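Take a look at the structures below.
Next come two complexes built around chain A: one with chain B, the other with chain C.
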Partner chain A sequence: MSTFVQVLLNGTGRGAIYALLALGFVVIYKSTEVINFAHGSLALFGGYIVFALKPTLGWLGAAVCGVLAAAALAVLIERVLLARAKLASQDSLAILTIGVDILILTEITRRLGTASAPFLGDPYQDVRLRFLGATIEGPELFALLTAIVLIGGFFVAFRFSTWGLTMRAQSENKEAAALMGIRSWRVTASAWALGGALAAIAILFIATLPVAGGAGLTAAHTIAFAAFPAAILGGLTSPGGAVVGGLVVGLAESSASQYIDNDFAKVAVYLVMLVVLVARPSGLFGKVEQVRV
Partner chain B sequence: MLKIENVSVRYGRAVQALHDVSFDVADGEVVAVLGSNGAGKSTLLRAISATLALHRGTVTSGSVTLDGTRLDTLDPAAIVRRRLMQVPEGRQVFGRMTVEENLRVGGLAAEPKRRAAAKARVHELFPVLADRSAQPAGLLSGGEQQMLAIGRALMCDPVVLLLDEPSLGLAPQLIQRIGRIVTEINAGGTAVVLVEQNASMALQVSHRAVVLEVGRLALAGSSAELAASEDVQRLYLGGHADDAHETDAPARPRRILSAWKG
Partner chain C sequence: MSETTRAEATGPTAGATGVDAAETDSAAPDGQGGMPAVHPRRDRRRWLLWGALVVVLFLVPIYLPGQYLIVSTWVMTGAVGAMGLTMLIGQAGQLSLAHSFFLLVGGVSYTVLSSDGTDGFVGLGLPTALSLVLAVAISAAVGAAFAPVSGRLTGIYLGVASLSLVFLGWWLARVLPSIAGSTSSGRYADDLNLFGFDFGEKSPTLAILGVPIGQNERLFWLYAALTLIAYFVARGAVDGRVGRAWRAVRDNEAAATVMGVSVVRQKSVAFAVSSAYAGLAGVMVVWWYDGLLKPDEAVDSGTYSTAVAIAYLAMVVIGGLGSLGGAIVGAAVVFGTPLIIPLLSQGDSSAVLSSGGTAFSPVVITYLAYGALIVLIVLFEPGGLAALGRRLTARLKRS
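Coming up: the complex of A and B.
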């Protein structure tokens, strides 16, 4: 029983992290229809900034700077690379983001070197909560709480605020949105900024011992990659689907590592994705394209 | 006030969709734009609203001005802020959003303190939108969607309203109703550019009309003049004024304009 509860707790904690990543990914996809393969690098970049600034600014100051920096980098990628290549297809833009990803990953890996495996998670490193005979570690606990607050806030804003209205209008019909005076670049930039910020928030929890194991920040990019199956599971265009997808991925991973083994856990995520896609090609919450003629 | 001067438009390299089109729309006037499929009517409205880029088109020469301000150098949002609104071809309501949310989007560019009054007016013009306010717009009927599309544009209290084939696909009674609505909107002081294939309705509600033929301005004049002219009779009204519904138009395969007697 307590093992099962432990699996659930770990899965939900990790799932919360994936949900943050996948939500940002989906928001970016909804606004630009570009699959942002650089999402893991955005996270890593934020984490690197936190790591670099922590000695001078302390954890909180560095975390704020890291999140802002990742948001800024996301906007920069969109403005400088994607917005300029206006006539390129969405697919070639996605390939462009692979290039960006490799660039950022290589540079940060070079800067980090191989000597140490930096961790970020000071304030909650030693927090532990016992629950029905199981333990939830600080990073996972805080990830869960943060995700609940941020994702809840996102859905309220998406549904009711003017920003949410413009986001939804633009993702549904670009031309009609433009004809209503919505400035598409603002919507797009805000979506990328949000995606970058959520990725950097996720990494605050990833680059910790319980989540990343011994590799710390260095492993973060690989771990963040699980946001793709999470988002795809959810149907790519559905924010709610991204959150559910994140949880599914987290739970698949934690149960596979508990009941099978650690290496299989990494694969399990993708297996679940394949099974879901075979059963429902447009994802759990994806809308089947309906074209009215 | 709205002045279109020598506008030429191209899509990509090959398609020249408009050649040297010029006409004016005076304050508070209704101008009908007639023409068969592919004549360039929607292209003309896109050139005015600066949405050509979304269709990979560009204005290659000429200018569009509203009260002396060049519009062709502005982006669509800036044009909307000058209260020139377009209701695009095919309604294009936000189907996944509610009727209420569609109207909210329409009012985004309006001054906040004017929004309540604009909404009251829209609900007065289209009571059905008040009844259906919580319903997803995609579930409305075609006619209701057209009313929503027009209502959404009116949320900005436009000085100029561009309508692209509002009667398309609607039943005769509804077409007549759209005609009355255009007159009503115009009575509030809004100038209207009414693109229509339904020439008889358009000529009834407009003061002046222009006819586009394969990207060129072929005819222009007062609506009464055009309604009486032989060419328009034959090509767009399907016969002679008195017995339009009885006489078949001469077979000319390129013209497929519908005639409607309201």
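Coming up: the complex of A and C.
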């Protein structure tokens, strides 16, 4: 019983992290129809800024700077690169973000070099809570709390604020939204900023000992990669699906690593995604594309 | 100009009929193997050019030092794999990030079929040439077996779904060391032996013009021959009925169905062909490593990892989606650069190891270069280097 509770706790904690990443991914997709393969790199970039500024600014200051920096980088990518390639197909834009991902990842990995593994979870790194005979680690607990607040806030804003309205309008019909006076670039830029910020917040919980293991920030890009299956299996067009997808991926991973082994946990995530996709080719909550001849 | 890009073939009708006209009009010296309405004199000139290329390729190992031969064989390995991927992504329009998985399938199949089962490994001890053919066939079959998934998904969903194969392959190779070898020491496959001619000969007795023809020279010939065969087969597929069906599926699935093309079937054929190419490249990888087959430690770095899948995607994009010649150039950029930089800088690796590993090593430079190339090509020349080359030759002809 306590093992099962442990699996649930780990899965939900990790799922919260994936949900943060996948939500940003879906918001970006909804506003620009671009699959952002550079999402892991945005997170890594934010994490690197936190790592670099921590000794001078302290954890909180560095964390704020890191989140802002990742948001700024995301806007930069959208404005400088993607906005210029409006005519390119969706797939080539996705490939463009793969190029961006390679650039950022290579440069930051080079900068980190063989330096001792950087960790970013200072305030909650060593917190541990007992719950129904199981232990929940600090980073996972705080990730869960942060995710509840942020994701809740996102859905409220998405449903009730003017910003949310413009966003929904644009993803529904771009031309009509533009004719109604919605400034397209503000919507897309804000979506990218939000995606970058959420990714950088997620990295604060990933680059910790319980989540990333001994490698810390250097393993973060690989871990953040699991946000892709999360977003895909939830359905790329659905923010709610991203949250569900994140939790499914987190739970699949934690139960596979508990009942089989750690290696299989990485594969299990993808197998779950594959099964979902074969049953529902647009993900659990994704919009099914209608083909008109 | 036989490489059709998205820009040229705007609709299914253009893809099916317009292409032929464009191809016969063009005066490109290479490509379009077997097109009927080609001027006889031009046809003869083309055969002369191919003949000259074969002679040059035959002479290269005699003049080029061994370390450069190793670079070229690695580039040709990439070229064979990239030609398969460019047909799948560029011609059939199916995004795949699973290429490194099919490399692994090819490599493992060849090793299991060719080596005899000693030291607790599974092995069938078949003749090496037969093993090669069977390994390619097995890779194709595995690619076709992906049909239930590839037939249902499109675009990016398919790309990420195919990525799961890389994870699956990585895990299977780890848990089955008796088949794929252990991650620490791997296992060895036999060299190709054609009618008594051993392509992995370490102590050669054969010498041409005073140059001993050892493993590097022999592998160069073998790889050049395989690359040429792969190119011509791909050329035939792209220019023929299959290629037209692929382009119809790529441009509009619904319209392709209406025109009598079976979309699911063509997708699975495209996956099978592309996996066969990847399987051949996988066997070439094993030979290149002196017959060593070793599964990866991590899923995102190593010989059969997601990084390699993305490297193949980079080759195809840099070369120009759908272009076979472009795939070869892309392979030279992506696989050639990290190996050639240390040779040109006389192997000065001390700078890399100092300063805590933060130096610009050849691998870092290559990654930065191809990352930037991908971004620049998508932004400014979506047709890749192939389109760039086409524009340059057109301009040279005009002036």
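Operating definition for what follows: the second predicted complex is superposed on the first by the 288 of 293 C-alpha atoms of A that agree within 3 Å, B and C clash if a C-alpha of one lies under 4 Å from a C-alpha of the other, contacts with A are read in each partner's own complex, and residues count from 1 in each chain.
Rule of thumb we're sticking to: a residue touches a chain if its C-beta (ideal position, glycine included) is under 8 Å from a C-beta of that chain, and two chains touch if they have at least 3 such contacts.
Everything numeric in this text was worked out from a predicted model, so none of it was measured.
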item	value
Partner chain(s) touched by A:Arg128 [first = chain B, second = chain C, both, neither]	neither
First, second, both or neither for A:Thr222, with chain B first and chain C second	second
First (chain B), second (chain C), both or neither touched by A:Ala169	first
Touch count on chain A, higher of chain B and chain C	C
Which of chain B and chain C A:Ser92 touches, first, second, both or neither	second
Which of chain B and chain C A:Ala178 touches, first, second, both or neither	first
Contact footprint of chain C on chain A as seen in their complex	35, 81, 84-85, 88-96, 98-103, 106-107, 110-115, 222, 225, 228-229, 232, 236, 263-264, 266-267, 269-271, 273-274, 277-278, 281-283, 291-293
For the chain C and chain A complex, residues of the former touching the latter	6, 95, 148-149, 152-157, 159-161, 163-164, 167-168, 170-171, 174-175, 253-255, 258, 298-300, 306, 310, 313-314, 317, 355-360, 364, 367-368, 370-375, 378-379, 382
Chain A residues touching chain B - in the complex, by the definition given at the top	87, 162, 165-166, 168-169, 172-183
Residues of chain B that touch chain A when the two form their complex	49, 51, 54, 56, 75-77, 80-81, 85-86, 88, 92-97, 101, 104-106, 108-109, 152-153, 156
